[in-house]
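The following blocks contain the structures, represented as structure tokens.
Next come two complexes built around subunit A: one with subunit B, the other with subunit C.
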Partner chain A sequence: MKRRRSLIEKLVGVRELPVIVLFAGLFIYFALKAPNFMELQGLLDDARQYAPYAILAVGLTLIIGSGGIDISVGSVLGFSTVLLGVILSRTGSGLALAALLAIGAGTAFGAFNGYAVAYLKLQPVVVTLSTMAAARGLAYVIAGTGISSIALPDKAGWLQEATNSTSAPVLLAIAIAVAGALVMSQSALGRKILAIGGNEAATRFSGVDVQRVKLAVYAITGALSGIAGVITAGMFNSATTDAGLGYEFEAITAVLIGGTSITGGEATVVGSVFGVMAAAVLSRGFGLMGISEHWRMMFLGLILITSVLLDRVRKYAARRSAVGGAGL
Partner chain B sequence: MMSRRLAIVCAVLLALAIALAGCGKSAEKSASAPKGKRTIVFVFKLVGIPYSNACERGAQQAAKDLGVNVEFTGPAKGGDVAGQIRIIENQISRGVDAIVISPNDPNSVKPVIEKAMKRGIKVFTWDSDAPDTKRIFYVAAADDVGIGTDIVDKLAKDCGGKGKIGVMSGGQGALNLNLHVDGVMKGLKKYPGMSLAKPIIYNNDQPQQAQSGVAGLLQANPDLVGIACVNSPGPPGAARALVAAGKSGKVKIWGLSMPSENKQYLKDGTVNGLILWDPAKLTWVTAKLVNDYLDGKQPVDGMDVKDVGKLKVGKNGVVIMPGVVITKDNVDQFNF
Partner chain C sequence: MTKPHKRIPKELPTFLFLVALCTALALTKHSFASASNLRTMGTDAAAIGIISVGMTAVIITSGIDLSVAAVLALSALVGGEMIANGHVALGCIAALATGAACGLLNGTLITIGRMPPIIATLGMLYVLQAGATLYSNGGQCVILQHNELAFLGRGFTPLGIALMVFAAGMFAMKYVRAGRYVYAIGGNEEAARLAGIKPGAVKMGIYVLSGLLAALAGLVTMGINSTFQANDVVGYELAAIAAVVIGGTSIMGGEGTVFGTLIGVGISTVLRNGAILIGLDPKWTQAVIGAAILLAVLVDRLRRK
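Coming up: the complex of A and B.
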């Protein structure tokens, strides 16, 4: 009896296992059932389309791991996209400078979120809800009245080529994910993030500058949103004020499906990437089978709530084994 | 045994998810690889709103009438540019015969349209255009400027060609509405006896603002003889203001709106008439034109389509469907 429970606990203990099973299961199912699912060009195109979500998910893994949340990522992405378009189309600036400014603007929004959460001690969901509205509003303002889409001029041709005709966005997303995974598992910053997420007060008492770490994770996520915004502008061939609309839902969902705990303290970048891939496979599979987007949204929601429940089960199992099976 | 209970809940949820996915498939009637029968796919801005539902009915009717597969899809939420691109890419993977798009963003669909055309899939637009792309033709609901001039022509007829008229629009930034207003201004020039009551009212698509805006206009301009409304909350909002001011029938109202919203005001004479298009018919005629194109037949200027009227084919492959005029005499024929 006792041995069987420990086996289950061991399996349940692998953070990424559920999402890998989910991804593999969906992939195999759709490969068999969805017509033309395995067509290589289509798979590559879908991977490209999901690269910005993966980049956002990496940043969100850090934030959620630290016990916070950021629902402004989609709007910050949108602002960066529009800023890039505005600078390129209305000034003499070249692509590199415009991209740098767009990423800088994303970082500034992120740093604001981090400052308000860490130093002003405001609730992350309230701070980032405000930023979500403010960044989207500002995107409309700088685009100008009545303008919802700014076509990128020829000097951005390189960006359009790279994001639409090559796998550069996917490679960049992979590089960012590898860097994020290394930060979380190998660096002092990663350990501090998880310590804060696990027990903020204890971490503060042990001498960690909690406020600086929090500022850093939000600023990093802002910068990543900016990078995703530049890629999105290239992919959309334009700076549209609707860029990134609703991305926070899919990115946060991917992180939570991936095995990162919503209460912080435990996080996995690898799991988040699998979460994004599972969402991408679901979108492609349902799309090819002619199943409406409404079903996909509902299905994602169900997977999300199931993942959060699984996380709960895992925590109970861990606590029970830690206190010798006394449990609840 | 909290954990066991949670595990059971998880298992039930997963089972539910799988079962629902199964339902989804059967309910949506799995669209397998389109072999043999020709497949035309309409990709709208979003699905599930009344306007797109009407378009979808037109697509279904076209499938029956033309004997080909006509599918209708789009993102589940508004403004989802990326979602719409993904859906178009899925259609490319499926290898359908034609894709007809109403783009969320005319620029963003450019690369994916090029990709589809390169793969031999014919791409068209309807409802909303992507003029700077390789799409073959665009079927427009109406001529944006023409709607404005049509409204003024109707008002001028009812007012005897003289007097002061007001103009009401929706948001100041909406491109199509601004073109309607341009049309109103252009139309007014034809009638030297008519003048414009300033300012132009913007109701921001809010019925309440439509009513209060007209109430204010009536006070500022007691000699007002007519109101031209270019967005759908306009005519019923203006009608409520006229009824409240006791000027029902004395000030004429013509505009762009839905028949269902205006039925009572058309019947009691507060609203004189509406000009609009039927989204189902627009989608139906688009499917027909696309199907004809795949058979090697191009749309021709002045061609008369049964139940739709004469089509105008302008430059840059823009096909314009004639608008419908709705008055108290025919309002009962329309169910939207």
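Coming up: the complex of A and C.
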């Protein structure tokens, strides 16, 4: 007979538990130790800074959940940012059209990744490595020789206002995260993504159009990178060719700290968002305490390694208890 | 395996591409084939070339090492400080030991911790890059006043060292037992284990080797520039991976050659150099290298069909 699981066992089974504990622990620690940590305006400012990371992390959760990876998100973000700047400063186009084109370009890069992975059956790491180089290179190219930053003209004033003086980026990130979480837990697409990540061949045999699902997750992530790119341009009030540089590593780290398995099949958008929030709290806390940014990076690396090792231990324990439950 | 000598070598298309690229540049730009330009290219390619030999072996075991550039930076800084204080031999040994230790840590996480290589080395990338910056008091330059390492960085020496590492790598992967084991593990780890190979030990060795080569590349880089800063080599890991992939090594493991990687390094170096020579914005090269990676994997797929 199956033993009833105690509350503790149930809690340990929650994928997001480690990251929530991490986030809460860091938050409480810094609230007590770091001067002015709880100042509301500062918290909101930092939340806004991290909104683009959270948006990227939502897309990456879908991709990693499907057993793939995308290291091009930072470069695609950069390309969208620069494209927005170029269109606004060198054509008569208005803000809405420029933003639409920037997001469209991000989607196109994502769809290209998805097509190469799903239909040409190329390895996600290699495909997105090539897109990473190509998107960054094209961003330099469309910016023009010697130009590393394009100031946004006055007609982008609304974007600058919305991204710097309101919590719009945070609200948008939350909306995207909620949508992502609903897709993963409630929709057929979410179940298909996890099924593919768990066992691709079996999913195909059960009649799922695996290729289309893969194309969709990469395209969605591309679109999200484009949105994050538009926000980034607004926040800096300029389009820099280095925008998004290295964001892919931070976003992937947040997703993995959050409890999504790198081998696919298990994913949690909520965990990823907590992962981004933990990184943000760390940044704010260390910043206020005057501790170097580099300590934060080192800490993040150690958390990443520890959380994956913990995940392995958890799986090992789960397997042992499963064997025990079967009466062996 | 019938008549393997009759098969077209896998590297042929990329090799021909490199030859065509060089010929076209040599014909249109006389300065391309000049001794000084060849030296420039050799110096440019040396560090990435050296680390990409280790990367080739790592990728053939179906692993990846995202931490090499950070290992390079940390070991160069650790060794560089001693060398700047006059202890040249000790500094070189310390650099190599640091590289090996980082590799050992990577190998331990991957084989004993059973972590996916991409995550273990991503975590290490953070830890070591931050470590390198903190070690140098927030990213300060190590300056070799008299450049005690000039013997590694003068003239064609960096290129010579890189070519020697490539030659050793080609020999080892073909004729040394451990080199054959690398292919066996990448092809089918379980089968290799059943055949009596210890995959853990071989992988550990490969990551240590990758760390050692990163340290060597660090010493060569310091010899060339006579200074070193923690973020001098950020992104080298991706350049090395790109060279390996362009060279035809499968990211799935089990397949690939060090010679192919040499061609891959050659292509990206010549592309970068050629763009500058013909007056093209060098920024184009990154877009072109992205396309080259994709082309290489596509050709590889078609070849297999």
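Everything that follows uses one rule, which is that the second predicted complex is superposed on the first by the 313 of 328 C-alpha atoms of A that agree within 3 Å, B and C clash if a C-alpha of one lies under 4 Å from a C-alpha of the other, contacts with A are read in each partner's own complex, and residues count from 1 in each chain.
Operating definition for what follows: a contact is a pair of C-beta atoms (placed from the backbone, for glycine too) under 8 Å apart; a residue touches a chain by one contact, two chains touch by 3 or more.
For clarity, every value in this text was computed on a predicted model and none was experimentally measured.
In the superposed model, A:302 makes contact with both subunit B and subunit C. Using the contact criterion defined above for the overlaid structures, shared-chain residue A:176 touches neither subunit B nor subunit C, since it reaches no partner. Contacts of A:58 after superposition: neither subunit B nor subunit C is touched.
Of the two partner chains placed by superposition, subunit B and subunit C are both touched by A:292. In the superposition on chain A, contact of A:105 is made with neither subunit B nor subunit C. If you count the residues of subunit A touched by subunit B and by subunit C, you find the higher number for B.
By the touch criterion defined above, A:237 lies against subunit B but remains apart from subunit C after alignment on the C-alpha atoms of chain A.
Of the two partner chains placed by superposition, A:223 touches none, neither subunit B nor subunit C. In the superposition on chain A, A:145 makes contact with both subunit B and subunit C. Once the two complexes are laid over each other on the shared chain, residue contacts for A:122 go to subunit C alone; subunit B is not touched.
Shared contact residues of subunit A, touching subunit B in one structure and subunit C in the other: 145, 292, 294-298, 302, 305, 309, 312.
Those residues of subunit A whose C-beta lies close enough to touch subunit C in the complex are 69, 116, 120-123, 125-127, 129-138, 140-141, 145, 249, 252-253, 256, 262-263, 292, 294-298, 300-302, 304-305, 308-309, 312.
Of all residues in subunit B, those touching subunit A in their complex are 2-3, 6-7, 9-10, 13-14, 16-17, 20-21, 24-25, 28-33, 47-48, 71, 73-77, 79-83, 85-87, 89-90, 92-95, 104-108, 110-111, 132, 172-175, 178. Chain contact summary for the complex, subunit C toward subunit A: residues 64, 109, 113-116, 118-120, 122-131, 133-134, 138-139, 238, 241-242, 245, 251-252, 281, 283-291, 293-294, 297-298, 301. Residues of subunit A that touch subunit B in their complex: 35-37, 39, 41-42, 45-46, 49, 52, 145-152, 160, 164, 232, 235-238, 240, 242-243, 245-247, 283-284, 286-299, 302-303, 305-306, 309-310, 312-313, 316-317, 320, 327-328.
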